[in-house]
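Next, two complexes with chain A in common: one pairs it with chain B, the other with chain C.
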Partner chain A sequence: MATAQKTRPTWRAWQLSVRAAAAWAVVAVFMFPLYWWISVSLRHDQDIFNKPPKLFTPEVTLKSYKVVLLGISPSSTSIEKSGAVHWGESSATFALPSLLDSVYIGVASTLITLAVSLLAAYALSRMRFAGHHHFIFWVLSTRMLPPVAVALPMFFLFREFGLIDTYTGAILIHALMNFPLAVLLLKSFIDDIPREIDEAAMLDGASRITVFTRLILPSMRGGIAAAAVLCFVFSWTEFLFILSLTQAGVNTVPVAASTFVTSTGTAWGYMAALTCAAVLPAFIFIVLVQKHLVRGLTLGSLK
Partner chain B sequence: MKLVSVFSPERPWVWLAPLVAVLAVFTLFPFFYNIYLSFHEFNSFRRTLVFVGFDNWKGMFEDAKMWRAFSVTLIYMTVCLSVQFVLGLGLALLINADGRGYHLIRSLLLLPLVVPPAVVGMMFLLMEDSQFGVLSWMLQSLNLIAAGAPLLTSSKTALVGVMLADIWQWTPFMVLIMLAGLHALPKEPFEAALVDGARFRHMLFHLMLPMLRPIIAVALLIRGIDLFRVFDYVFVMTSGGPGIATQTLSFYTWKQSFSFVKWGYAATLSLFSLVFLIVVAHAFIRAAKVRW
Partner chain C sequence: MSQVICRDISKSYAHVGVLNRVNLEVHEGEFLVMLGPSGCGKSTLLRIIAGLERQDGGSIRIGGRPVDDMHPRERDVAMVFQNYALYPLMSVYENLAFSLKIRKLPAANIDRRVREVAGILGLEQHFNHRPAQLSGGQRQRVAMGRAMVRNPRVFLFDEPLSNLDARLRSKVRGEIKSLHLALSTTTIYVTHDQIEALTMGDRIMVMKNGGIEQIGTPDEVYLSPANRYVATFIGSPEINILAGVVDGDGCVIDGRKFPLPAGAPTAGKALYGVRPHDLMLAAGAGEESMPVAATVEFTEPTGGAVIVHAALGEQKIVLQISHDDGRALAPGDTFRFTVNPRKIHLFDPHTERRITAE
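Our next item is the complex of A and B:
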């Protein structure tokens, strides 16, 4: 009797811990590439290439971070033994400017996107007009444009206006890229606010613009934050437009990372250090808006 | 006229005007310019665009490399979408539980989403190195591939190598969406089914999946569109090689415009992708009744 009563909760506890173990095992598999990348960023050059690979970093060094973020000359810090990289000049490995470029382009393009999208999202949520449904569909369809199909016409347009390889050009193209996401997402957040609030305020004599600035905007701060973070992250990770529309003058992190690949070899340690430093802030931002993330990733379709 | 009266409820277009203006630049201009370009070609001797009529369009339908790129793209899209969906749903079912640990797991799964795809490509490029790559070494230890087998430089396995990066980065996206879907499901039908002695497999196929249908449709649509436009991984991992084994339509188009200066042909290819994507996506939206 006593044993039968005891085994049941134990069996249940077993099930729970097996499930937890399985979940953590899967997470470990998914985290492994990141662990490896961080570990590469902390290794000496000769420890990156081993046969078989060393799973644990033999000797942790911050050399790559110093070179990439502080611009300390690699020749004075590295011991080049293996088939790793030999860089002629240290200026090519100093990548802090690309991090700053990424921040600048990300923040500026996000602000532009939000300003324009908020107005449009309010109109789409609150006002009905002919072609309302088609308009939303048009906004959605712009997400289907392959970036290559936009890059070439934009290349000619930018060349005409002298925007190739400028911050203005990069900011504009990232802002344009994020409009569909921001409009649809913000509209879904405004849809959450009851219409009665608008109507009551307007009965009391408030104008649309007052309702928008005094009522709607303050009550959707969380939604605006989520939209801002997603726009920023998509600008932060974008590759093709910066690759096609800028040269040496503008360098965001993904493009800068790809320039560590050279004909004489790839500076894996520097590349890993730069991108690990770049991923951390984006991760913190996205965790902060985790609650709204699914809605954002599905363009406001799922709440 | 005062600002207040301009932004009156009867004038939605005033509110929409900035958006319409920028979307026109972003969508209408590229669209019509691509049409214009597709009837021209850059002549490198005269350094100017020359009218070529339907040559680009005729050439495209006869271009074996283009059809190869198109089928590579479709294979890439289908395989990645299926794997990401099945893995994503499975994982979501596994971690759809309460508790501090599961909350941490959900946060950790956001990490792959903030790594730039081009960087993910490079991470996997290093890990899939046939001599020193840790992933190659693991696959060899598990006897899944032969020792020293070149994962990315063999035309048989290169596409799989690229897909691994995509699957790693975007499976968490599916997990997050499926988790949200599972979270919103009502409890009662499942409890009733349990009381009736239903098996897990029956509950999955007859209850859960039908109830998740709208969410699955949105997830497949958004992921499918992005998969069809794949560029970054291919660019950094294989540049379409070896040969043209991993050359996707996006990459082929990019090469035509920015490497070969075949602007007219690139525009034709762009229009083809665009029309294909819009037709398929809109058919899917109708068939699956996706709402916005």
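Our next item is the complex of A and C:
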């Protein structure tokens, strides 16, 4: 007995470390592409296609970042040390504006989507009207079409309204794109709030608006945060609509990244640098919102 | 002036009738209990009175005025929900003050009123707590306080005690009753618990399948149930309903002759109803006439009394007798009992309505 009890803890410890190792292995598998992409962004062009591939970057360089984010022209990077640097040279490789465009469009479209879909979700959750049941299907149906099938008619609509290549247009299309999902997600959060709370408040003399602003909104901060994260990320990574509905005036990261693929070759280093840099704003946004996510989840329980 | 009058209220959901032409008059200051099994439409009727649900037909008057086209907030009724529906992110104080703030009362008035109500319900020490930090009984109290704080014309309670444990339930039951005596606000109280109905109600309305079976004082409903359903629904253990044939001065059930009340019919089939505690063991040649023989099947001690399940012939009968009497009985024993003739309910076997003239 005594020996069995003595061996059990070590057996357990062994079990735990195997489990941890397995978990880290899975994490590593998922993180590897990200690592590889970052390492590509830090390589010289000739090191990108090493044969056999090298796991570690032979010589780290910030050249790609300088070209993409600071606008130092590619040719000048080689003579950088001599001091002949051309800052902000407008060239096809200067992609910092696309990052700013992405932030602007992502934040604005997320705010618009949230404002509209919160009201829609409340109505769908709490009010009965003719066609109530079909409504949700119709809201979702726009997402059932492949985006390509939506992009073309949208192009004609946008051209008619003069929205092609405008920020308004880009924000609007992303808001529209995210609307169905946000409505469904927020509706499920509102559905979780007992109806009786609305009813008690109305008997207490509250109007629908008061119920919505004083009771519903504060109770679903977590849900709003979750919806915000999803909307922002979808807008951040969206490619097709921006490609087809804008030209030189509006340029988001995914579209800018695609311009590094040219008929004469692909600038892998620049593409990697831009997209790695693009992880950061999205990451900051999610971290900011995540605070509310966690708070939203624990609000219901004690403290 | 705050009586509630329901005229021909009908309601159906997706073509399934829930309420069927309900007529009801709740008097000013009355405590009316709606009693009925699950799904009979009690909550629906209450919610229609509150304005949370719209009736398909009929009309509601509160305090003499039709309220059918009024929003719930204009009806000046307060409701206590089964799950309390407290505002989760507000403190107890804010929960109580919410309705007054919405009415834009002066802050000093709000504070005075909230403290007054909290004093009655003993909630002051919880003012800063969130609902999630309260026990079930405390939440129930906050829900009542929230209803009381604005002096509504009518209180509506929808099974407010069903989430409490048995002891707390009987305590709060008494508190609600004494609050009603103090405030005498017209109250409609929904429950499926007959003890709550009998102890609290000035009148009880027994419902079944969206209709009213009987409205009366607890005594009327218990002592002269209008039909077999009401008789069975109220009273515990359940009333014995035995099929028999009236024959002159008695009712023959399974070959045994049971006594009849005064003024009973003298012939024909009948359902013979008698409550378990209106049966007594025959003490030798008892003064109550006509002892009846039965065989014990099993007994259930319940503390002060013993419930005896016995067989007559085909039919079963249940007696509730004193502990001392019941202790002697064992399964298989044959014993004789007498029936209190003043406590017999006869029902028509077809309509199941009460036929005793009284």
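FYI, the second predicted complex is superposed on the first by the 264 of 303 C-alpha atoms of A that agree within 3 Å, B and C clash if a C-alpha of one lies under 4 Å from a C-alpha of the other, contacts with A are read in each partner's own complex, and residues count from 1 in each chain.
Here, a residue touches a chain if its C-beta (ideal position, glycine included) is under 8 Å from a C-beta of that chain, and two chains touch if they have at least 3 such contacts.
Model, not experiment: these values are computed from the prediction.
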| item | value |
| --- | --- |
| Contacts of A:L145 with chain B and chain C, given as first, second, both or neither | first |
| First (chain B), second (chain C), both or neither touched by A:S207 | both |
| When both partners are placed on the shared chain, which of chain B and chain C touches more of chain A | B |
| Which superposed partner A:G131 touches (first chain B, second chain C, both, neither) | neither |
| First, second, both or neither for A:P194, with chain B first and chain C second | second |
| First, second, both or neither for A:L215, with chain B first and chain C second | second |
| Overlapping contact positions on chain A, where the chain C interface meets the chain B interface | 207, 210, 299-302 |
| Touching residues (chain side chain A, partner chain B) in the complex | 19-20, 22-24, 26-27, 30-31, 33-34, 36-37, 40, 48-53, 55, 115-117, 119-120, 122-124, 126-129, 135-157, 175-177, 179, 183-184, 207-210, 212, 233, 236-240, 243-244, 253-255, 257-258, 261, 266, 268, 271, 275, 278-279, 282-283, 285-287, 290, 293-294, 297-302 |
| Chain C residues touching chain A - in the complex, by the definition given at the top | 50, 52, 71-73, 75, 77-79, 81, 83, 85-89, 98-99, 102-103, 132-133, 146, 150 |
| Of chain B, residues touching chain A in the complex | 3-4, 7-9, 12-13, 15-16, 18-19, 22-23, 25-27, 29-30, 33-34, 37, 91, 94-95, 97, 99, 101-102, 105-120, 122-124, 126-127, 131-134, 137, 168, 171-173, 176-177, 179-181, 215, 218-219, 222, 225, 228-229, 231-232, 235-236, 249-250, 253-254, 257-258, 263, 266-267, 270-271, 273-274, 277-278, 281, 290-292 |
| Residues of chain A defined as touching chain C within the complex | 194, 196-197, 199-207, 210, 215, 218-219, 299-303 |
